[in-house]
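Supplied in structure tokens, the structure appears directly below.
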Amino acid sequence: MAISGVLRPGYVQVRVLDMKAALEHYRDRIGLDVVATGNDGRVFLKAYDEFDHHSVILREADEPGMDFLAFKVASEGELDVLHEKLLNAGVAVEEIPPGDMPAVGRRLTFIAPTGHRFELFATIGLDPTGPMVNNPELWHAEPRGMRALRFDHCLLYGDDIDGAKALFNDILGFSTTEQVVAPDGTVIATFLSCSTKAHDLALVRHDEKGKLHHISFLLESWNDIGHAADIMSRYEMSVDIGPTRHGITRGQTIYFFDPSGNRNEVFSGGYTFYPDHPVRTWSTDSVGKAIFYYERALNDRFMTVVT
Amino acid sequence: MAISGVLRPGYVQVRVLDMKAALEHYRDRIGLDVVATGNDGRVFLKAYDEFDHHSVILREADEPGMDFLAFKVASEGELDVLHEKLLNAGVAVEEIPPGDMPAVGRRLTFIAPTGHRFELFATIGLDPTGPMVNNPELWHAEPRGMRALRFDHCLLYGDDIDGAKALFNDILGFSTTEQVVAPDGTVIATFLSCSTKAHDLALVRHDEKGKLHHISFLLESWNDIGHAADIMSRYEMSVDIGPTRHGITRGQTIYFFDPSGNRNEVFSGGYTFYPDHPVRTWSTDSVGKAIFYYERALNDRFMTVVT
Amino acid sequence: MAISGVLRPGYVQVRVLDMKAALEHYRDRIGLDVVATGNDGRVFLKAYDEFDHHSVILREADEPGMDFLAFKVASEGELDVLHEKLLNAGVAVEEIPPGDMPAVGRRLTFIAPTGHRFELFATIGLDPTGPMVNNPELWHAEPRGMRALRFDHCLLYGDDIDGAKALFNDILGFSTTEQVVAPDGTVIATFLSCSTKAHDLALVRHDEKGKLHHISFLLESWNDIGHAADIMSRYEMSVDIGPTRHGITRGQTIYFFDPSGNRNEVFSGGYTFYPDHPVRTWSTDSVGKAIFYYERALNDRFMTVVT
Amino acid sequence: MAISGVLRPGYVQVRVLDMKAALEHYRDRIGLDVVATGNDGRVFLKAYDEFDHHSVILREADEPGMDFLAFKVASEGELDVLHEKLLNAGVAVEEIPPGDMPAVGRRLTFIAPTGHRFELFATIGLDPTGPMVNNPELWHAEPRGMRALRFDHCLLYGDDIDGAKALFNDILGFSTTEQVVAPDGTVIATFLSCSTKAHDLALVRHDEKGKLHHISFLLESWNDIGHAADIMSRYEMSVDIGPTRHGITRGQTIYFFDPSGNRNEVFSGGYTFYPDHPVRTWSTDSVGKAIFYYERALNDRFMTVVT
């Protein structure tokens, strides 16, 4: 098997201050579908082009932010292998049995050195609204709102990104695709892939532990980026920056905020990564172009507003 | 390492009747760059967004067609593993030492049950015109012609596609992404991926051995598909069909011919495949929509014109 | 006033065999809005980016085809001037007083030498679902289906296109933008503009009188042409040809049929015409490229299927 | 004739500090073609899709800015009519005989109340690199750089925009398409069309006379806006803002600067205007969204940086 171990980001649980406003945002604007609502009030959503039962979980809470980010593993056997590797590396892993979350099997959970909670799982049910399999049409019904194809990745802020990077590189088999490096060699930001995506997870060095910079949704094209920008202005949504392009990953992008203040991204494009490719490296004096290729300068919000 | 073994199609060697006309086609129209010319007259080209030294080799000959298709393997060690697996399965493998081809290390070559010659290699030099690595710009110079990003895949016609499919699935670790199946269960066409692409290799059942249906180049978007169509008509190039969309892979596409009669494709889009995804299956009564989603019918050329 | 006289195609009345199927087609697929239904069962629709009350009228009948095509004139005074010019040229003009059609003032109607009924009017109410005027947003609600911006033009087939062309050029002030001319000088097809569009009306020489080749809707871009093609295949609509490009006008296009067999077009792009521009002329041996720039050949349907 | 009088912006003469740098900008980046160089060192350029001999004139000078903006009139007879109208209105008109400028006939020139010099002309030669006329292909050679289709319009800053607006509306037959109006009724900005474009000329109230805000070039699509942004960053060009969208005109846009500090725009899209359409009006508290629909706020440069 050419692809094994950790396959992709599976789901992210996000804290929102008001579920009604959050649903208008994630369902009506971004275009996700609600697939289930839990007894505890959590709402499970997925994008129209995802097979798995859900990829975004909204939980009403007093503070915004991310509860956890989960990765899908290729098989239960490989989940066992990763479990053992994590334990051997001294990582405290908790196993959550099936039942707590609809459609998902047993989950392994641990706290990374940056303070973020991650999960690994191998089993999840397929939702019937996912892509067709027999004589498949493009979609069941026309995509809605920003027409998000999938939940794609998260950018997380934390203190010990060297530790987290080592965990993902050495134990979980991620590759580094790009990095921003200070003159003294300190890695300021690192972009990690478990697949051929330019990033499945990104980490930025930051004073606080466990912060969320953004959760990102894939759109089909630059055309859909423009359409998403139209929707954001039409409905007076809070926008951070964009439409623009990242130097890192080459993705075309808009950063914006959900009604609770969690930053979202919609992006398209970017290159295909293979593990034999050179790591792309940015120096701190080019960090403006690295982050925002068109503006060639960071805005203050990029470095300071996290949840 | 999440991705291992065979990584991707590396290079394809194509026979052309007239090198001057072929270069106008592949260099000036498709937009590849010439990186080297061999003492034997072969011309080595690559797309602007490829790291590796070359991905297309043109050889002047009396008949069009494909000499061989080579796959890049993740490491020399994994090349050894695949070598042993092939031998264990009774495949006759020849090792070609470095020297015959610029920038490429040792190569393993074998004939698949469909009669096609394949190669495996792990070592190839990077060409300096490839993507930048330090504070990388989008490109060195503006992409040219159809702005092909990379050589992407081949569709091959042959008799024993069951045998070839087994070789790629069982020995080389490819996944089946889609298939067309006759009412009696015969697989008419199979689409194979060694990565997250919807296809790295496709095989169609055919009476003759060793035939080339098309070699395919990735473009950035539907916009660039339209631009490629403009170029084809402007320069009176021979077009088979398109712009259209495939049901299989969902790729947006044009089939056209090089001056020697080899079919080319430019395509964009299509889904991301993961090995835990269901295999998409088409019945023969839907094969029109499977191949040409917009026309919903095959044209005669699709089944009969090969080189 | 720089633009005067006839401004644009205003509305077209189309005969459909089944109103329910027609509404699914024009409203749900093309994306028009129903603005009114008459006591006589006629349904009035408009595109989301049109100010005027309606641009398409559907009338249930036993045969498909076009009842009439109406042009909006800049003012009631200019309507009087055109009335007199038509009478002076010997054209039989009937005046229809307000009341027969919602929101529209008096209408002048006449039969052109090709046998088609045309109308001229100067007064029509604005529909509140049209473009906003005060601090205008892009649209009230997200465009639907194929996201048609406006009813754009008709291509009509008839016998005496020389006579019709003279009427539109000499009396109504249209410019010829393009034409297809046979070796003996016969004009096979003529494209006429009353504005800066590459065509507001097109006429093709044909044995029968009064035939409709297609009614056309403007889309925003080639991207939306692709999206329209997706919708047509997804919902198994009957397609004639496309996505492709016209050599004439350079428009990017799909021809398809409504459930009654009336040909529709969605198109985007094309150049801006000014009356001081040279007339573009195609010879009959290039007519394939003129009509379908990518295929470079007519299909039989183009010349024979009309309603 | 439906379109008469002033047809369109014909050419603009721009002062540049260094001709070599200016040519790299306008020719290699924006993609204009040099059609002639005068004995006085002026360089005449045009976009690939323009028929007329030139549309941009570069003049080396010590200060940037605009020398004059010229409009093409439909015929010499209509030029005489406009001459008389201007004289009757008390405008001082100078007639420049043919000879001063290649390919152009007699020119009328006058100073508007905002202090800007305008010209009117009816005769200009066609350049052979313009659009083809007989069996026309899309273009002679593939468009270059940002692939500008045409010089489109200027936005000018001046004091007496009421006077200039009256001149263009009442004497030259322009329509007002949009305006920004202060609570006291003062018109802050006015957008004027002599055709079906959303603007052929725009005027903003400003303390100084005769200032240039930007000269604008039309691109084909939002896709080409993104491509233009890529070029700007790749070649480290000075960008003001964008890619974004205007609320006014709905055009998708980037503002950037030539090496002399003159602001340029590339834009695409926007609606089609007809003289019977309502005037779209923005209040000053919505001026952010009017100018930059995505940012919903002006940047300082928009109001202050002019040449």
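The chains carry the letters A, B, C and D, assigned in the order they are written, with residues numbered from 1 in each.
Everything that follows uses one rule, which is that contacts are C-beta pairs under 8 Å (C-beta built on N, C-alpha and C of every residue); 3 or more make two chains touch, one makes a residue touch a chain.
If you want to know which protein each chain is, UniProt gives these names: A, B, C, D = Metapyrocatechase.
Worth saying up front: this structure is predicted, and the values here are computed from it rather than measured.
Q: With respect to inter-chain C-beta contacts, which pair, C-D or B-C, contains the greater number?
A: C-D
Q: If you list every residue number at the chain A and chain D contact, are more than half found on both copies (same) or fewer than half (different)?
A: Because over half of the interface numbers appear in both copies, chain D and chain A meet with the same residues.
Q: At what distance in angstrom does the C-alpha mean of chain C lie from that of chain A?
A: 47
Q: With chain centres defined as C-alpha means, what is the inter-centre distance between chain B and chain C in Å?
A: About 44 Å separates the centre of chain B from that of chain C.
Q: Could you work out how far the Cα centre of chain C sits from that of chain D, in whole Å?
A: 31
Q: Got the chain A residues that touch at least 2 other chains?
A: Residues 138, 221-223, 230, 233, 289, 293 of chain A touch two or more partner chains.
Q: Under the stated contact criterion, what part of chain B meets chain A in this complex?
A: Within the complex, chain B touches chain A at residues 1-8, 49, 51, 72, 74, 126, 131-136, 138, 150, 173-175, 194-197, 220-223, 247, 250, 269, 271-272, 274-283, 286, 289-290, 293.
Q: With touch defined as at the start, can you tell me which chain B residues reach chain D in the complex?
A: So the residues of chain B in touch with chain D come to 137-139, 142, 145, 221, 223, 230-231, 233-234.
Q: Per the contact definition, I'd like the list of chain C residues that touch chain B in the complex.
A: Interface residues on the chain C side: 222-223, 226, 229-230, 232-233, 239, 242-245, 252, 289, 293-296.
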